[in-house]
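In what follows, subunit A forms one complex with subunit B and a second complex with subunit C.
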Partner chain A sequence: MLFNSSEFVIFFATLFALYYFIFKEKTKSQNILLLVASYFFYACADWKLLPLLIAATLVYYGLGLAIFKTVGSRRATTLSTLGVVFGIAVLGYFKYTNFFISSFQTLFESLGLHTNWHTFKIIVPIGISFYTFRLLSYVIDISRGKYEPARDLVAFATYVAFFPCILSGPIDRPNTLIPQLQKKRIFDYALATDGLRQILWGMFKKMVIADNCAAMTGIGADYMNCSGSTLLLGTLLYTLQMYADFSGYTDMVIGVGKLLGFQLTKNFACPLFAQNIADYWRKWHISLTSWLTDYVFMPLNIKWRDWGNWGMALSIIITFVLIGSWHGASWTFVIFGLYHGLLYVPLILSGGMFKKTKIETGKWGFPKLKTLAKMLLTFFLVSFGLILFRADSLTQAWNYLGRIFSASLFAIPAISEMQDKLIMSFFIAILLLVDWVNRDKQHGLQMDNIKSSVVKWLIYFSLIVIIWAFGGSQERFIYFQF
Partner chain B sequence: MDKIQSIFRTVLKHDDLILTENLSANDVQGWDSLSHMLLISEIESALNIKFKLKDLNKMKQVGDLVDIVLSKLS
Partner chain C sequence: MHKFILKIAQFFLVCFCFIAIGFFLPPTPRAKTSLLFGEVRKDSLLKNVKTPRVIFVGDSNVSFGLNGQIIKDSLGIYPINTTIHFSIGLQYMFKHTLPYIKSGDVVILPLIYGFYLDTYDKTSEELFRMVMDVDKNNLKYLNKEQILHLIPYIPKYALTKFDPFEYVGFINNKWYEVTSFNEFGDVTAHWNEGNQYVAPMPPMSGSINPAVINGIKEFEQEVVKKGGSVFLSYPCPQDATFRNSVDIINAIQQALEANFNVLGTPQRYIMPDSLLFNAPYHLNKKGADRRTKLLIEDWKLVKR
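And now, the complex of A and B:
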């Protein structure tokens, strides 16, 4: 059930009516309703693996209470370690078993040893990477004494399975969402309208930018027949597509959350305007990066702090290899992570890592040339990394890169009709301009500074018309596969 | 405390920062996970002490840090 589908609109309208009219001001009943809706939503995507989600919820609910009872003791440490190992084992089984089997098989065969192993048919449960991370942070933080466990099972289960975030995040921390689930929620007009605006902006990003870019970047297996310039343009457009797809999806999630009275974690802060790779990761998929910063990077960095900058570089590289691998079981993702980790090394050694990047603007409010150059360089570095992210194999990524830097790089790119190109350029310009103007706000259509309701409605109406007239064919969200 | 305060001022580049017991990372611009690590290493080398991972997890505000430092020095 995609957010921009008619099924979802019916599902959500029913939920909304029950939530605010029938169960008005009854927090417990609202939570039960949200939980049932979340399980129904999940079951629509993957009903066979719903029992796994419920079982994991119960196990971690119990673990949270047990850890808290003995917090600070050895027993609590053992229990939280058990929780972490169990979570990683489940995630590892579903996502990485076949990867390890085939990788070892290739290794042994390259050493001349014949193996007779088979890979298994394992269905990866949708959203497992997202809900496992929620559960892991829950037990780790309780054992660190950061907060008390949730006693209300329904609120906890709703936190884990909360339908807007279950498929692709944001990965809200327990202390952001659980307290909100325990509070009374009445219809908040200002929050709900802001949510609707954010949904509209998300739909523009997803349906107009991402889905139309998909038609141009879907070069796939045919890449050897394309010119270098076509591939380069496809590569750069894919970065825009990826941003529009994932951040557009997230805008819809956060907007839906607001309609139900929740403030979910911000996941993007205009990453296209990042001025170096560290800045980029502070702005892209923030909830994942901050999760790994807290639970992987910081402990490693503390452990290796005597090694100075090299200790930090090593911690970052390991963290990024994990970020890469989190996306899926493939060497392309591992190398993607390693690539980003290595891009940090010069920043750490030069001290650039510790400087806050400021956006310097000129007379008209646009970035100064130096700032723009840094942004473009970061954009190129990210785009090249995404070649690995997209490729089916390392060989394919390498060949793709080789094809870009061939003599055909100077040919005219053959990517679509001229008219389409002009329209898309116009929409991309709108996206960049709106993001630029609202870069310090929570989302592109926050509109605090527009007082005239005529102007506001004109903007809504234009966006709706653009989405209706130019929305591309409904593509699945890229991040659903993770 | 004065020594810790001067380390905070140098690392966070805040010349007029005044440490109070209840001050936490959320209150100070630039006090993020990275600069926190720098603060920790600087305090360790200046006072010749070594924090444990457990100690670091306990530090929620400046008061906690000072308590832990005092217990290490005594």
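And now, the complex of A and C:
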């Protein structure tokens, strides 16, 4: 059930009516309703693996209570370690078993050793990477004494399975969402209308930018027959597609959350305007990056602090290899992570890693040339990383790169249906302009400074017309696969 | 909450009015140049060409894969290529062709393999536009389910009426225009163009839809009632595309030979890349000539 589908509209309209009219101001009942709706939503995507989600919820609920009872003792440490190992083991089994089997098989065969191993038919549960990270942070933070466990099982289960975030995040921390689930929620007009605006902006990003870019970046198997310039254009457009797809999805998620009275974690902060790679990762998929910073990078960095910058570089490389691997069980993702980790090294050595970047603007509010150059460089670096991200194999990524940097790089890119592409460029320009103007706000359509309701409604209707008339064919969200 | 519901209602009311206006506006100039409007001329051929004649019904593998002039010269009968687009669906194609069938007509169906695995009463944006833009009378050829399935296309269709590029400055693809067809209904606009790279289609999955076989049988019975005859033929797939789905194609061949009069075999119509134009079933001039000659040979064999 995609957020931009008619099925979801019916599902959500029913939920909304029940939530605010039947269960009005009854927190417990509202939570039960949300839990049932969340399980229904998950079951629509993959009902066979719903028991796994429920079992994991019960295990971690119990673990949280047990850890809290003995917090500060060795038993608490053992239990939290058990929780982490269990979570990683489940995630590892579903996501990485076949990857390890085939990798070891290749290794042994390259050494001349014959193996008779077979990969398994394992269905990866949808959203497992997202809800496992929620559960892991829950037990780790309780053992660290950061907060008390949730005693209300319904609230905890709703936190784990909360339908807007279950499939692709954001990875809300327990102390962000559980307290909101425990307090009384009444309809908030301003929050709800802001949520609708954010959904509308998310739909524009997803349906107009991402889905149309998908038609242009789907170079597929025949990439060796495309010119270098066409592939380069496809590479740059894929970066835009990826951003519009994932941030569009997140805008819809946060908007849906607002309609139900929740403030979910912000996941994007205009990463296309990042001025270096550290800045980019502070703005891209923030909930994942901050999760790994807190639970992987910081502990490693503290452990290796005596090694100075090299210790930090090693910590960051390990963190990024994990970020890459989190996306999927493939060497392309591992190398994608390594690539980003290595891009950090010059920043660490020059002491620029933690420096907050400031956007310097000129006369018309546009970035100064130096700032723009940094943004473009970061954009290109990220785009080249995404070649690894979307490639089926390292060989394909290498050949793709080789094809880009061939003599045909200077050929005119093969662009069919030029007029449609011109319209697309116009919409991309709108996206960038709106993002730029609202870069310090929560989302692109946060219109605090527009007082005229006529102007506001004109903007809404223009967007609706654009979405309906120019929306591409409905593509799955890229991050659903993770 | 009251205010919120009221605003939402207002919002949808305005949207509804907008869509209603767009829906009833006439087709845009851009839409009028679409290949779908080729149906008007093809209908005129069906109506006016005298027997003996051979009528081709199907998808773009026929419009991009036939040279009617060769048929006319070698067999002395007038070919009418009614084919336009796969997405229009068999049900519509058959219902739309039947009223024009005359005694003595030969109808050949060289359908792309995907048809046999697909739904019989297909719906698509192309079908929607065939009804809304080309001729609203075409609505009578659709069943209730199709009409219901076409409703979701209304908002997008209506809102394109407000797109300025639908009126000025539009550039269509010259191979997919109303003017791309010759006097027999074959697409010839690409005959002087160079070949494009054609990626093979992935393996087909699924099984033969009995509703499609029954639909063809019903069509055949209706044609026979009117004094005509129906033959099935095979499409002209790219070599690699054929190899990707050879098992399913064999199953389709068996099903067709068991139920219908069939011309040739699937293997005869496999095309090398050099005879393709821009898609695994779209042929260039040489390809169209070769396919036409093969079809004539198979036809002569049956006639003997």
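What we mean here is this: the second predicted complex is superposed on the first by the 482 of 482 C-alpha atoms of A that agree within 3 Å, B and C clash if a C-alpha of one lies under 4 Å from a C-alpha of the other, contacts with A are read in each partner's own complex, and residues count from 1 in each chain.
Assume a contact is a pair of C-beta atoms (placed from the backbone, for glycine too) under 8 Å apart; a residue touches a chain by one contact, two chains touch by 3 or more.
Treat the numbers as computed from the prediction; the structure is a model and nothing was measured.
In the superposition on chain A, contact of A:312 is made with subunit B only, not with subunit C. Applying the stated contact rule after C-alpha superposition, one finds that A:144 touches subunit B and leaves subunit C untouched.
In the superposition on chain A, contact is made by A:423 with subunit C only, not with subunit B.
In the superposition on chain A, A:20 makes contact with subunit C only, while subunit B stays out of contact range. When the two complexes are overlaid on their common chain A, residue A:6 makes contact with subunit C while staying clear of subunit B.
Contacts of A:356 after superposition: subunit B is touched, whereas subunit C is not reached.
More residues of subunit A are touched by C (comparison of subunit B with subunit C).
Once the two complexes are laid over each other on the shared chain, residue contacts for A:47 go to neither subunit B nor subunit C. Of the two partner chains, subunit B is the only one touched by A:301; subunit C is not. With the contact threshold set out at the top, not one residue of subunit A is in contact with subunit B in one structure and with subunit C in the other.
Within the complex formed with subunit B, the subunit A residues making contact are 144-145, 293-294, 297-299, 301-303, 305-306, 312, 353-354, 356. Every residue of subunit B that touches subunit A in the complex is listed here, in rising order: 30, 33-35, 37-38, 40-41, 44, 53, 56-58.
Of all the residues in subunit C, the ones that touch subunit A in their complex are 1, 3-4, 7, 11, 14-15, 18, 152, 155-156, 159-160, 162-163, 165, 169-171, 173, 197, 199. Residues 6, 20, 187, 189, 192-193, 220-222, 225, 416-419, 423, 457, 460-461, 464-465, 468-471 of subunit A are the ones that touch subunit C when the two sit in their complex.
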